[in-house]
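Note that the chains take the letters A, B and C in the order they are written out, and that residue 1 is the start of every chain.
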């Protein structure tokens, strides 16, 4: 049995939720591990992000977002609307703002990412994918996307890849 | 440490989202593995399907769907409505349709499964369940369901079972 | 390779969905396992509960619920409203009620937890978190919460922790 861990860095420019295709990086981690049978866990270290598997949808919006992913964002905008002003959600409250601006030196408006936190909680933080004959079982058209729902500011993000098997 | 992999085939007849109870198949994979302590990952290979754990709800609709599962579908119909016509969602766009009909030889209307893709992305593709004393920890009434949200056409589907432990 | 399993008991008093922070218990399981690199699966044994990762949000409501978690509940109340009366959802149907009251000796109204079952199915039952250098990769502010959506009655609940790695 082998356990292999790798980290992928991605960059999210402002001001829109971003999807990062990390399929190639995950496939590389499986190859590096030498594991034939097992699982790979693809995980977001951040509480405003998620990992999903989705089909490649060929068409894209002006800003390069695939149609199926934009459709998912459009539904999420109805289910958990973007936080546009203080008081729309309970969070961020006064203690959180004091902590963010005082202890962390952040701008107060950076904390208006409540929608991103809720979306991440609902969708989840990782996907675990079987590895069979040294390949991830993604089906013919499946891609792995790291989703950054936080549109407040440019961010550097980390995606963890953990392959376990033999 | 042992890793054991098995595949279960299920068939989804049209034209309704289908729930397939794969609890017995998952229990069989755990037994075959000989693993006493570890985890089993139950995974959908398809981007319009999910795996969930739910309680058995005894009552069923005319078509055999358990009440709790139909209630879940009814909420999903409000959250991510079934795609009933071209243009309801961005996907499928013209490039995707050209790819599906040209390269894959599909009927264009088979691609009107946008809702199934979004539901699968929101709910996720797998569940990972602890194995303790050689048994899955599902509680007294928990069942594992493979959910096929794609109601466009009859489909053969694959569910992957990966047991890791000792 | 090592596999380590532990169970944490939590208590949910009525009549509100409850969040239980189990981060310390999960960290203790990782430490006890002696595993440096691998994963920990944090799992709800119950079909009306989920496990999520969320940022600590400092401010709390009168009853002690963190603001970000209350915001999540507020959205869920719109997406999958609390079951307030028989007939609001299909479940519980007559056969389920007969089983619950007859075979299990439960009160019929305890089964009005349909919303909790659906929320648990949508959000999922577990999170799998990478373990790197003997520590969970939760980011700076991430906490692990066991969520009990069932507000019908006081309940004792079990959270399973399974650490796999080396």
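The rule we apply is simple: a contact is a pair of C-beta atoms (placed from the backbone, for glycine too) under 8 Å apart; a residue touches a chain by one contact, two chains touch by 3 or more.
Here the structure is a predicted model, which is why all the values come from computation and not from measurement.
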Same vs different contact residues, chain A with chain B, by half of numbers used: different
Copies chain A and chain C - rotation angle from C-alpha fit, nearest 5 degrees: 120
Where chain A and chain B are represented by their mean Cα positions, the distance between them in whole Å: 22
Junction residues of chain B, two or more chains touched: 1, 79, 122, 124, 128, 164
Partner chain A, residues of chain B touching it in the complex: 1, 3, 5, 41, 43, 45-47, 79-80, 89-96, 99, 114, 117-118, 120-122, 124-126, 128, 160, 162, 164
Touching residues on chain C, where the partner in the complex is chain A: 1, 37-39, 52-55, 57-59, 61, 67-68, 70-72, 74-75, 79, 122-124, 127-130, 132, 137-139, 141-142, 164-166
